[in-house]
Structure formats: structure tokens, C-alpha cells
């Protein structure tokens, strides 16, 4: 029974499930650093997924799908930024509005463009390529876990590093962090905090767009209504759990992925599905509690 | 000191409903220290923000080295060698000192990456050049305000500033830190030919430091003069527009029973280190006990313990005969301690609330302001607040104005008005006049003495030695969480007390023994 | 003195009005672009929502959960603790109300109903109490815990209604019907409007009174604005936060109870299509003002009821109605921004006059 | 109409022949699921074409607070209202009582004893018995590329709800009927709208040695089909003939004759042979559930032998020789 649950496909599954969360999480943590809580990620992912399919289908090229998804991300990022930064609207409301907007728009366009409702799949949608590393072929464990994944799974890991370096090792990253923590300090040294906030919200749009394109072209090869299915919110939880740090957020996303995958497998050994689905959520709360307790202890001892 | 470096011609700044600067004509000479004084809200900060490009003048021209210049944003100012240290620090708390100093003009590796090593080196070089000691690797949130002030100055020097605008740099400094800062400023001007514009409310500082001084009042520039020709009295009159009397405070001597008694008090600070190591004192009715000390020696913790905001490790605190240890802030207030906190914006007020709402704190569940302790009686409260606004001279169009739209001095008056309206027998007062103009200082001092004369026991903590000496009946010095000396006011000079404040001498006079008995 | 306040309120209303108008105008453009008649569309919306006794009742019925969850949001957000877990609290509240309704069938009507409401308040409040404790004593972000708690509650009730408490009849995932004494009386034929609207009005009144006129509301507000100030003034910020969260959770629980007692008469899987999130939106738009929550809930109710008629009248696809709705929300949310733009215009005016 | 004349203005006038039968189709979810709801709409479309009716669709988008509203809208518009979704159990009883002249055809659940509600209930357990039997035969057929030795088949369900469990018991029973050693693994994805989760669930099953998965999961099922394609394994579709989605991976479908039964009911109403207040059970016997094998141009995986076996089973079910278990 143990072997049925804990095997290599569990880890494979973990990696796949975590990737959309990682990609969206990287975007969201940038806005978080810039002082904006973005709960519109859910909608941004959905738009990315849709326009990914549009691009891939009409240009018969998955790369164009990603380009379109990124463009949609840029546009929605600008809209989000305009309302939140320029008009000073509540980021919560704008985030929710973007989610509703994305839901309606994709359903509407699905019908106007493809003439279908609900779902669109077609051999005409060109999926993103899988990457095969020949050198892994002979290494049993690593081959199963790490080889032959869709391209953005690998790119997401690179993005984690780039984001980390960007945030903590470049001046621009410092500016973003300063823009969130104390925008006036940044303004007074001649850097526009507003621009940094715009930048972060656009990059968030891009990352979420890619997350969506990965979902509809890499993970799957189709679009269905509401296919983001709450991933934007889980990504948000991963960001908060990871204390806005790209590496820790990556870890948190993997943790979600892992427990999600574990949940699927535990059904096989007789646990009611409702409880297996609860696992990632319960684990998160418990993990937060444990971390908080540890921190409290350290503080007391100091 | 020959050429006019900067000339303002008819500079006017209008905010909705307020003319913050009204046709200001002002010239700054190269290599001078130019002081600007004026009451709270006179328009000093606004004028300086215009020079630094943070505000655009509604009309008027600015000439820089004889040429008209349009300072559209701070970058333009920085390019022209203008740097500003703001009244409220512009530092990112979670960044290191080095990072803060280079922020906006970072040294780079390979054109993309931030060169942290170089930033540290730059900081170390700056420290060497200007003699302002800081540790580049510490985070700003870990250092004192004095250090933060230095970081701000280093920051603008790094950006190549020749003209340094300092907006109330000494408001939060200890006397020692102020002295150090002035030495640095003088050095900058003399040795490095920098020009300094400094705003301050402390007229002695003006007299001892500056070459020329300009006075502002209600948005207008009243006049500029050579400091040689100025006196404290004269400046004060120009600022306020009438004669200011630095009255002798009228103290009645009728010391009564012990109201507050502290025994072997021990407490930790936020970092878990011992901040108070066995404090003993007592205060009688009609007495002001002043505590002198360099900031960070346990004063804040003492205040917090006495008002119930901090747990103590050991010891006892008696209000008359009641031990208040373990009691909540609310219970302690009920037992008769009111508290004016050191940082009004941190916990003394809510910026987003109106004056009325701020004045309600503490009485919101008490008759007659709240019927049955629940239903708020607006009328009662409004009357009370109106009265307090009048009595304490809070300058505001209405009690519905948000606190954040008041000047700092008026915010302070709101806090004092609230606490003094409680009529409790014991007052704990910390930094009552920080950032407040001289008129208001005078007023606040009179109010404190009035409370004393009414028979209250008052504990006064202040970084201003002048304030301590002016108000206290008895003075204690605190150093590293211990009382190092205790004196009757008049028995010790300001010079001597410095030794006790820095722990170089210790003495507990027989005065203390008498009180204990 | 009063003038200042009034002019601010006026300013808010005016800009709110303009942003709504702008949003509706964009709706016109969208309809035209899709070859529909906007006049037909909008009149269908208004008539569908307010054109008859039935439609007004239907609109009002939709406001009940919005008002309750909106007030729940207002209270918690005002106190500086963010309850995003309304949905979970609502589900648990609804379940317990249903449980009482099909278990204690012998209870006399009004007592049973009150018991069910009370129980749902207790359960909802308790479910909010846990994240509040975690926030206050362990500094664990309540936004993330309440989101997690939503999923947990929904899954838990899913399990309960599919296994231990599954209905005896019919294939739906749901509990048995509550006894008829528990059913709240219908007010208008066909519509779902029932006496819960009176309960809700009463609760709204109490909450409004509490928030605006009592020291409790004052304490909440101060804690939300500056908890250090509150502590200093003798108001225990932690306790207030926990209390606000409990009240907030209780309101969501009650919202769930009303769905059971007044609308569905049993607990259903998917009993809420996201009421708590709509309520949150409503409350945020009016800046967590309890009175505003009521009016904005009605507006949302009109939008929801009317858009069905709009869909049918113009054969605008339902998804387009969603798009128009979201644009309306975006613009209302942008209200403060439009105000800023007006202000800048006025400021420019002032500058030119001096 | 009783008590609703006032709301009539909310409904736009409909042009067309005066005496055309007006039918309203109310669905709990939304069209575009490529299975259940779409199939009901096909029945309506067919009736439009062949029986000359007029029709409108009323979608509730899974929002329980809209059930009553849409039912009322439909009842005001039409004289026959087709209600699709077990979720309407309470709402239809309430609304039907207010519109005694409207005939309701309630699909996928049973309400008894109300004169103007006629129910169409599918014996999905019977259909999935066939699916289970087929899967059990397929998994042991070494002639089909990619079938392994192990006797395990799978099912991915959308949510753990009674209807889906009814599919499950039939499926398991059918598989065991062919070979008692067959193991059936089921995963509930917990969502009808998350194809990624569907894919992950299916991949987990395939990794365990499953080679045929019965997908009963709405849009989540789209992911199951993808997983089948990626794993070079197989799936069985549901509700409508889903082979066209991917004929190389979807070997067959268990069809609920939703469209057919709706069409037939409308036909009966026009003929005057419709019995109101009745429950029409659509099982194998009524041709309400059956297996679909796609069109002739598709590569066929199901051999003639298998089909014959399934025919045999069908007969046994019809004549009662096989009793299929049921979950309510």
C-alpha cells in the first residue's frame, strides 16, 4: 500500500501540478513586493490560457500561443495597474473584477472565435514541446522524475532563479522592493515608485499569462471555461507562505503540488475523496502553524 | 560666500484651500549655513520640497547660479547638486545602510547586477571622508534615529550634493547627537565648501550654527538677516507676529503624599534584552520628576511598563496603595495614570480618524459620553472636544478634520488635550514638545506646570535637557536601565549631568532616601 | 462642521454616479458592437429586476446573503483583520441549520428557527475564531488561512451530505428537507423572498447601530486604523480583532442558515455560488460602510436579477452580460480614482485663479 | 397562468408561427460540456428541425440561486419546459405547482406524484455496466496496442455525488461480470471544470497499470482524454458519443440518450400520446443508455466479439437475468 502511494510518479505529478502555481506565484510575488496584493491572478491565468490556445491554433505555432498569452498578460497587467496605481482603487475589488471579467470574456470569445461553448480542443492546437534530455535516459530515478516534461516546467525553474536574482541582486529589484515598502524613499532619490509598481503588475500579467499558456498548451492541449480552477488563489497562498521569496514560494508551490498529488493517490487506498482533497489545505495551515511556533520560540530564546 | 547660488523669485505654492508659500523671495549664498525658522505650518517644508522638485510652484521662478531652472522632479535637483534630508526619514527599513545610501544610483557589476561590495566600500569611503560613523551592513530598522539622520546625510553626499537641505534634523536627536551633527555640518561648509539650508524650531541652534536666518510666517517670508544681528526674542517675535514672553513658570510649592512608587523594576526590551535593571523611585503629589538620559537607555520601556503596555520581569509599581503589576492599560488608566507617549503617530493617535475620534479614546465607554457604557453620546463628546480645542488652542477649522491633515504641533496638542482632560492624579509624559514650534512649546510647558500645581504627580521624560531643567522639581539620570543619579533641580548643572547620563558617575543622593521613607 | 462631512459624502455619491454611468455606457457600446439594441437590453434589465411585484421580490431575495456577508466583511475589514473565509463559514452555518431543521422536528416553530439561526451563528463564528486566534497569537496571515478554511469547509460538508447525512430521496447531494415548521414564510408568490429579509433588516440595523453609534464600533474602527493607539488607549486590540472576526463569521453563518431555512429548505452541495465573495465586493466598493452595504447589495441584486431578463430579451449571450457586469464593477471600483481626477481638475482651477 | 401575468412583460415577444409548440430548455450548468447538457440541446435542436417547435435555452451556470428564476422565465415563455439536471429536484416541484398548464419534462431525477411533471430517469448504472464489461474485455486484449498484462481498469469521476456513484457501481459490477479478478480503481477529481486535475488523476491511474479509464467528469474529463493520448492508453467517454474528440484514445462511449428521450417526449406531446405525471425509465431496454462506437471512418478497437458479448449482456439485463445494482 505504501508503494502504491509513494512512488516516482508522485514526484512527477508534484512537479507538473506545481508548475502553474510557480509561474503565477513568481508574478504575484513581484506585485506583493511592490506593495500590491493581486487576487486577479486567477483571471490573468485564464486569459493566458485562452489566448495561448488562440495563438497556437491560428498561427499553427505554439510559440505564437505563448506570445499572445504574454500580450494578454501585458494588457490586463496595464489595466490592473491603471486602476490600482493611477486611480488608487482598492486592489481587492479590481482583482475580483478582473476575475469576473476574464471569466465572462473567455466564454464570450470562445463562442465568437471558435463557435463553441464550454470547451475547445482540436488537433489544430499545437502543444508546447516536451523536452527530452538524453543524458538522463540512463539514470533511473532522475529520468522518471525530471525528464520529458513540457518546456515551461524547466523554464519555470529558470524563472525562479532569474526572479530571485532580479529581486535581490539587481538595482531594479531593489527599487521594486523599496516601492512596496516605502515608496516615498524611492521617489526622493529620483526613481518613480509608480513606474516600478506598473512594471511589477505588468510582469505579473506576463507570468500569469505564461502560466495560463502552459496550462492550455503545455499541461493540456485545450481550453475549457474556468480552467484556471482556483490556481490563482493557491498561487497567492504559496506566495504568502513563501514570504514573497521566489525560492520559498517555489518550495510552497511544490508542497501544494505534492499534497495534491498525494491526495489523488490516497483515494486509491480507500480514503474518501473529500478528505484527500482537503489534505493540501490542512497541511498548509498546519505548516504555517509549525513555522510560526518555531519563530516564536526562537524569539523567546534570543 | 559671495555669489547667490539659489534665488527664489515670487515663488508661490497653493494647495486646495491653503496658500502654503506666498510670493517668497529668498536667496541662498554659496558656502553659507542658512537657517529657516517659523511656526508649524508656516510653509518651510513646502518651500524646501519645491527646491527639491517634490512640489511644483504654482508660480514664480527659481534661479540656480544665475540661470532660471525648472526643477520638475528630484532627479533634476540631484543633477544640480541639491540634496534634501526630509523631516520624516526617507529610508527603506529592511534595507541595509549601504543599500539605502546607494539607492537610485547603484554601483553595478556587468551593467546589470547590483555591486553590493562596492556599495559597502562606497559607504566606508563616505564615512571616512565626512566623519559620519555608520556600519554599512546593519539594516536601517536596527539603528537609532541619530544614525538614520547620518545615513540621510551620507545619502545625499553620495549623490554629489553641494547644497544640503536639512528639514528639522535635530528634532529627534539627543543633545550629543546634535552636537556631533553640527560639527559635521560646520566641517562640510568650511572644508568642503558645501552650502546648507537648515530648518529648525530650536532658536539656540540657529544662533550658534547659522550664518544667516530667514523667518517665515503663514506662508510669507517675513525677513532674512545675518545671524549676528539676531536674538532669540527677535526671531520669536518675527515668527509669531507678536511679542513672545518666555515667562518664568509659576510653580507653587505644596508637595503632598507619594502617589506613584516604583520598586526594583526590571523589564526587557523588544529584542528580549534587559532594558530596566531594578529601577526605584517615587513621585509625590505636586511634583515633577524629570528623567534625563540618552535615548535608548530604558526610558521607553519604563513608560510602557508604567502604562501597562509592557510586561515586567520583576518589581512592583504602586499607585497610592494599589499594585498595578499585571493590570491592563485600561485598568491602569482607571486607577489614575494618564500617559503622553513619546511617538504620537505610533501609538498616540490614529491618523485616519478625526480629532473628535482621537479625543474620545479612553472615554468612549464612560458616562456621560457613552450611555450605559455603549451608546455614544455625540453631543456630550462634541461639547467636550470643542472645549478642549479652545482651551488647548488646537488650530483647526473643525473637529471633524482628520488628524493627518493637522500639523505636527497641532497633533501634539490633541494628544495633550485628551490626556489632560482626564484629570487623573498621575501623569507620565514623554517628549511632550517634539517637533513643536516655540509658541506651542511655551503653551505645553504651562499646561504641564498647571497640572503640577493642581497636585498631580508627574513623571517627565525628555531628550531636551532644557525642558527637563525648566520643568522638573527633581531630576534623575538613567543609563543602561539603571538610575545613575538623583538631584534636586538647581543642585546640578547641565554640564555635570552629562557625566551621569553617560554612566561615568553614579550617585544617589539622600534625597532619595528621604523619599523612600 | 457638518458641511465638511456632507460635501465629502456628496463627492463620493457624485463620483460613484459618474463611474456607474460610464460603465453602463461601455455596456451600450458592447451591445451595439454585437448588434443588439442597448435600449431593449437595459429596459429589460430594469423591468426584469424592478418591473413587477414578483421581480422586486426576487431582487430583494437576492440581497439577503449579500447584505449579511457584506456586513461581515465590513466589520472584519474595519477592524483590520481580513475575513476572506465567509464562504466556508456560510457553508458550515447552512449545514448546521439544516441539521437542526431535520433533526429536531418536534420543536415549536419560532424556537426551532431561532435555535437554527443561533447555531449557525455559533458555528460560523467559531469557524472564524480559529483563524483569528492564529492571526492574533501566532501572527499567521488570516487571508491565507481563511482561504484554506473555505476549501476545507466546503469539502467537509460535501462529505457530510454524501455520506452520513445524505438525503433519502432524489439524487442530489444534499440533506433531507427540514421540517416544515422551520421553513421561513414566503412573502411573494413564486419569488424566493421570505421572512429572512426582516431578520436581515433587523441584523443590518443592529450592525449599523453597533458600528456607527456605539463604543464597540468605535473600538473596532480604532483597532483597524492603528492597533497600537488602541492598545495605548486601553482597548485590547487582539481581543477586538477576535471579537470582530467572530461576529463576522456569525453573520456568514446566518447567511447560510437563511439559504436553508428560507430558500432551499435543505442543505445542498454548492448551496452558495460565491455569496461571500460577492458580499466582500459589495462591502469593499462602499468602503466597508454598513449603510452602503445595504444599498450596494440592492444594486447587485438588480444587476443579477435583471441580467437574466436582459439575456432573454436581447438574446445577448449570458457571458456578455457577465462582461458588462464586470466592467460595471471595475468602474465603480475606480470611483476613488475618478474622484482624484475631478480633484486634480479643480486644483488646476484653483491654481489658475490665484 | 396563475399569478404571473404581471411578469410577462419581462419576456420579449417571440415571433414565428402562432401555433408552433414553444419549448424551454432549462439546464443547471451551461451548454458546451460536450456531454450531458449539449446532448439535451441536440434533442431540442432536432425537434426544432423535424417537429417545427420553437425553443429557448435557459442556463443556470451552476448557480443554485438562479434555479427558480430560470424555471419561472421558462415557464412563462413556453408550454413545455424541459428541465435538465438532478439539482432541480426541489425547484421544479415548487414552480410546477404554480404553472399547472405547463408540462414539465424533468430529466435525470425522479419526482413522483405531480401531475404536470414527467420524469425521464436514466439507468446510468445499466449503461456503465456495459462500459465496465467492455473495459474488462479491452484490458485483457493483447491485440490492442498498449494494453498490459494487469487486470486493472479505472474510472475518473467528477465529484463524489450520487449520480456519479451510480455510474461507479454499474461499472464495477460490469467489469466483475466479465472477470471477477478485475480490479477497478476510481478517483474523484472533485471538480467538473478542472481538466488539469482530470489529467493528473488519469495519469495516476495509468501509472498504476490501468489501461482503460471510464471518464465521468464533465469538462474535467477533457483532461482524462488527454492523459489517455499522452500515455498511449485508452478512455471511455460518457453521456454523448465522445469518440470524435479523440478517436485514437477514446474507444467507446456510454451514451445517455438524453437528446433522444427529449425528442421523443416532445414528439409524444405533439402526437398526444404523452402521459403526464409519469416516470419514464430509460434503461437499456428503452434504448436510453447504450454504448456508442463512433462513426464508421474511425478506427475500431472494440472487436465484433466484444460487441456480441455486450449484446448478450444487454439482453440479460433486459430480461432480468442480470440485476444491476443501484445507488440512490
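Chains here go by letter, A, B, C and D, matching the order in which they are written, and residues are numbered from 1 within each.
Keep in mind that, in the parts below, a residue touches a chain if its C-beta (ideal position, glycine included) is under 8 Å from a C-beta of that chain, and two chains touch if they have at least 3 such contacts.
Just so we're on the same page, UniProt names per chain: A, C = ABC transporter permease; B = ABC transporter ATP-binding protein.
The model shown is predicted, which means the values in this text are computed figures rather than measured ones.
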**Item:** Chain pair, B-C or A-B, that carries the greater number of C-beta contacts
**Value:** B-C
**Prompt:** Just how far, in Å, is the C-alpha centre of chain C from the one of chain B?
**Reply:** 45
**Item:** chain B and chain D: spacing of chain centres that average the CA atoms, whole Å
**Value:** 75
**Item:** Centre-to-centre distance between chain B and chain A (centres being mean Cα positions), rounded to whole Å
**Value:** 46
**Asked** When the centre of a chain is set as the mean of its C-alpha atoms, what distance in Å lies between chain A and chain D?
**Response** 34
**Residues of chain B engaged with two or more neighbouring chains** = none
**Fill in**
Residues of chain D that touch two or more other chains sit at 30, 160, 190
**Message:** Give me the residue numbers in chain A that touch at least two other chains, ranges are fine.
**Reply:** 272, 274, 277
**Prompt:** What are all the touching pairs of chains?
**Reply:** A-B, A-C, A-D, B-C, C-D
**Asked** What does chain B use to touch chain C in their complex?
**Response** 12, 14, 16-17, 19, 58-59, 307, 309, 328-330, 333, 339, 341, 346-353, 357, 360-362, 364-365, 370, 373-376, 397-401
**Item:** chain C - residues contacting chain B, complex
**Value:** 1-2, 4-5, 213-216, 218-219, 221-222, 225-226, 228-236, 343, 346-347, 350-351, 354
**Request:** Could you pull out which chain D residues touch chain C in their complex?
**Result:** 3-4, 6-7, 9-12, 30, 56, 58-59, 61-66, 68-70, 72-73, 77, 86-87, 89-90, 95, 98, 108-111, 159-163, 166, 190, 328
**Request:** Within their complex, state which residues of chain A touch chain C.
**Result:** 37, 83, 86-90, 92-94, 96-98, 100-101, 103-105, 107-108, 111, 233, 236-237, 240-241, 272, 274-275, 277-278, 281-282, 284-285, 288-289, 292-293, 296
**Asked** Which of the residues in chain A end up touching chain B in this complex?
**Response** 165, 169-171, 173-175, 177-178, 181-182, 184-191, 299-300, 302
